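Below are two complexes that have chain A in common, paired first with chain B and then with chain C.
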Partner chain A sequence: MKAIIALSILAVLNMFFGVRKMKKVLLPLIFIGLIITMILNISDWGKSVHYFNEMFIADNFSIAFSSVLILIGILIFMFANIYYKGVERPLEDIYALILFAIIGGIVMASFGNLILFFVGLETLSISFYVLAGSKKFDIASNEAAMKYFLTGSFATGFLLFGIALVYGVSGSFNLEAINTYILGCNGNVPMIFIAGMLLIFIGMSFKIAAVPFHFWSPDVYTGSPTLITAFMTTAGKVASIAAFYRLITIAFISLHSELTTTLTVIAVLTIIVGNLSAVYQDNLKRMFAYSGVAQSGYLLMALIVLGPKSAGILLFFVLSYVIATITAFAVLMLIREERGTFFIPAFRGLAKNNPVEAFAMAIAMMSLAGIPPLAGFMAKYNLFVLTAEGGYTWLVVVAVIGSMISIYFYFKPILASYFSEGEPQHKIESSVNFKINILVLSILMILLGFLPQVIINLL
Partner chain B sequence: MIFSKYLFFILSFIAIYAALKVLISKKPMHSVLYLTLTFFAIGGHYILLNAQFLAVVHIIVYAGAIMVLFIYTVMLLNLNIQGEFPKSRLAKFASAIAGGILLFTLIAVFRSYDLKVLADPSLNQIGLVKNLGKILFQDYYLPFELSSILFLAAMVGAVMLGKKDIY
Partner chain C sequence: MPNLQIIPLDYYIIFCSALFAIGVVGVLVKRNALVIFMSIELMLNSANLLLAAFSAYRNDPAGQIFVFFIMVVAAAEVAIGLALLVMIYRSTHTIDINVLNKLKW
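Right, the complex of A and B next:
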């Protein structure tokens, strides 16, 4: 709650300074604001405060995921000046939209009422639609915004219809009240309620780009400006999976045993289709879009087997995914800036001329692929153990096969930068600041790999 | 009571017919006008539910402001182009099947549930401005305030897209 208020004030202040053309003030202001927000957010830890008639619930789960979202904000703004190098304008509107999207994400991680959930989802989505089209004279960016907007509003329609049906039957928007209603039915839940719930699931699957509803993601993620793509893949996924988790564990927990089949089918399809499609991509940005689809499949696995630790494992998975993705995108942005392409050959000879960047990229890709002892490996390992303990051994087998396929495409840029033959490309100049940032992130990925229990035991 | 029941069916028929015509009409202008008709029919439903304030706001905002904007856009940009978007036969077939299954499922689901008879809407005063305001500012205060952030985001986005800079 405090985080939302602080972020709103920050966004408005930032626009105010932007209108005054105080370009130099903006980024420092945003950093200070985000750090204050982070502190305010964590200050509620362990108290589990319920605000406004159970509308907004600041329990440990929501605080942890809100902190991840604020962290995403900090990381994205860290690399904003590299992506927008040479832009004269203060760019206050783009920054404000990013902050608004984070507010929407925090609401999605902590709602206790379906109305609030919907408002949060829309705040996130509308900011994303505009951000996707923020490179206004680029036709791919326009295409991305248009496609995202049309398909996204369509999915939101399904979601809203589902919420209406659930409300119509259960008579409440409150998550706990919905659960009480299900319990009161004594296992005889009306079909109309199930239909509403499935419509909500369709909407959520669209937002996390799970497989039957993933068709928007490659075009949108490829067309959007790279910094925004990094933001959308991470923030959108974190907020949506947190909301999905809240819906399933609070409102629909009594129906969970009947939902597992649906979720399992979606997860298996998402892992297989995502990984197999990523194999064929030469454009790295497009490959990240498809691999993001596959990662959604792994995230969905945490919703299938609900154990005492699943929230912690979900948090750790999300955290490792966020850090690795943003590091990779930061290097990608730098290379795109210099070489003008997202294709693999742009990485040729990177290790020789830019060892730091090549190292960070390699660590990020290996973490995403799940190579021990990095964070991504520990995340996948814990998730797979949880799923296997829940009795879904075959699902784990599918997921492991998916991870093995993913090694192939995640290693393409590593191979190109370290072992490629032929003429190496020229050196890319990058600031010391940038080098330190990506090095810190790489070390964080290695450290998290050794200390996964610290994060997992938080929740 | 019988009268309002018939009115409900008439309004529903108009709403669904006009909504279908929005999709079927070949000229964009016709679609826009039919959309206005749909909004009016839905406004009528609100009045039947004794939610006068909502009905009036619905007509002012949707039928009044948004539709006028739509019509202006269609006229100013000269978008009134007649024609169909070419689609492959496979896509038409697939969407017909998918939509048909969804429709079938929803109809079956609605039929299986016997809706409780609601209290007479003319007796409960929930839709009046006073009660609506109380609910908005007590029970739904947070979503109400957060929607201001939502609109601010939409507004900032619109201004940003309207500017001439590259970023």
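Right, the complex of A and C next:
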């Protein structure tokens, strides 16, 4: 709750300074504000405070995921001045929208009531629609925003109708009360309740880009401005999976054994289709969109087998995904700035002229592919062990095959930068600051690979 | 609300489901962006009506409060959607969504 208030004040202050054309103040202000927000957020650790008649629950799960969201904000703003280099405008609108999207994400990670869930989801989504179209005179960005808006609000319609049906049968929006209602049915849950629940799941599948409903994500992520793509893939996925986990573990936990079949089918399809489609992409941004679809599949696996450790493993998986993706996108932004393209040949000879950037990109890609001993490997390893212990060995087999396919496309830029034949491209100038940032992130990925239990045992 | 309860609740559920289905079909079939917006509004409003009906039958105000939230969010969404539509119209001079094909592979 404190984090939401602090972030709102920060966003308004940021717009105020933007209107006064104080461009130099904005980014330092945002960094200080985000760090204060992070401290305020963590200060509630272990207290499990309930606000507003059970609407907003700040338990350890929500604080951990809110921290990841605030971390995403810090990392995105770290690279904002690289992406918006040469823009004269103060850009306060874009910064404020990113902050408001984070607020929406925090609400989605901490709701105790379906009303607040809906409000948080829409705060996040509406900010995303505008951010996707924030390159106003670029037709690709316009198209991405329009497609995102149409599919996003279509999904919202499903979600709302589902919530309406669930409310009609159970008589409450409160997650605990819904669970009490299901327990009171003694196994005879009315069909209309199941229909409502499935409609909610369809809406959530749209938001995390799980497979039958993933078709929007490649277009949207390719067309949006690169910095915003990095933000949307990470923040959108973290907030949605946190909300999905909360819904399943609190409201629908008594029906979980009936739900696993649906979830398993969606997870398997998502892993296979995401990885296979990513193989055919030459545009790295589009490849990231499809690999993000595949990662959603792995995240869904954590919802199938619910053990005492599954929340911690989900947190670790999400954290490793966030750090790796943002590092990769930061290097991609730099290369796009200089070479004007997102295609693989732009990476040719990167290792010779820009060793730091090439190293960070290689670490990020290897972490995403799940090469030991990096963070991504430990995340996948723990997830697969959890799933196997739950008795879903064949699901683990599918996931491992998916990971093996993913090595092929994740290694394309690494091969291009280290082992490509022919004339290497010219050197890219980058600031010392940028180099330090991506190096720190790479070291973080390596460190997390050695200390996964620190994060997993938090929850 | 005794007057409302003369109509059985089932009728509301069937009516709202029909409205929702019309909205879904409209989004999937129509190619004019404005008509798609209208269909999405129809989907949201069918949920609104359903919530209001359930809320009246249960004598529980929570459903009606949620309707207000949905209305506010729907207004914000339409504002964003129309702004995006104006942007698209400026660069392509049409509101047919079939022009949105630059990003296919």
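As a convention for this text, the second predicted complex is superposed on the first by the 459 of 459 C-alpha atoms of A that agree within 3 Å, B and C clash if a C-alpha of one lies under 4 Å from a C-alpha of the other, contacts with A are read in each partner's own complex, and residues count from 1 in each chain.
Note that in this section a residue touches a chain if its C-beta (ideal position, glycine included) is under 8 Å from a C-beta of that chain, and two chains touch if they have at least 3 such contacts.
These figures come from a predicted structure and were not determined experimentally.
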Chain B versus chain C as contact partner of A:147, first or second or both or neither: second
Contacts of A:330 with chain B and chain C, given as first, second, both or neither: neither
Partner chain in contact with A:103 - chain B first, chain C second, else both or neither: first
Which superposed partner A:122 touches (first chain B, second chain C, both, neither): both
Partner chain in contact with A:93 - chain B first, chain C second, else both or neither: first
Which of chain B and chain C A:133 touches, first, second, both or neither: both
Touching partner for A:405 - first (chain B), second (chain C), both, neither: neither
First (chain B), second (chain C), both or neither touched by A:56: first
Contacts of A:361 with chain B and chain C, given as first, second, both or neither: neither
Touching both chain B and chain C, residues of chain A: 115, 119, 122, 126, 129-130, 133, 136-137, 192
Chain A residues within the chain C interface of the complex: 114-115, 118-119, 122, 126, 129-130, 133, 136-137, 139-140, 142-147, 149-150, 153-154, 156-158, 160-161, 163-165, 167-168, 171-173, 192, 218-219, 222-223, 280-281, 283, 286
Chain B-facing residues of chain A, complex: 4, 8, 15, 51-53, 55-56, 84, 87, 89, 91, 93-94, 96-97, 100-101, 103-104, 107, 113, 115-116, 119-120, 122-123, 126-127, 129-130, 133-137, 169, 190-192, 194-195, 225
Complex contact set, residues of chain C against chain A: 13, 16, 20, 23-24, 27, 33, 36, 40, 43-44, 46-47, 50-51, 53-54, 58, 60, 62-63, 65-66, 69-70, 73, 76-77, 80-81, 84-85, 87-88, 91-92, 97, 100, 102-105
In the complex with chain A, residue positions of chain B that touch it: 105-106, 108-110, 112-113, 138-143, 146-147, 149-150, 152-154, 156-161, 163, 165-167
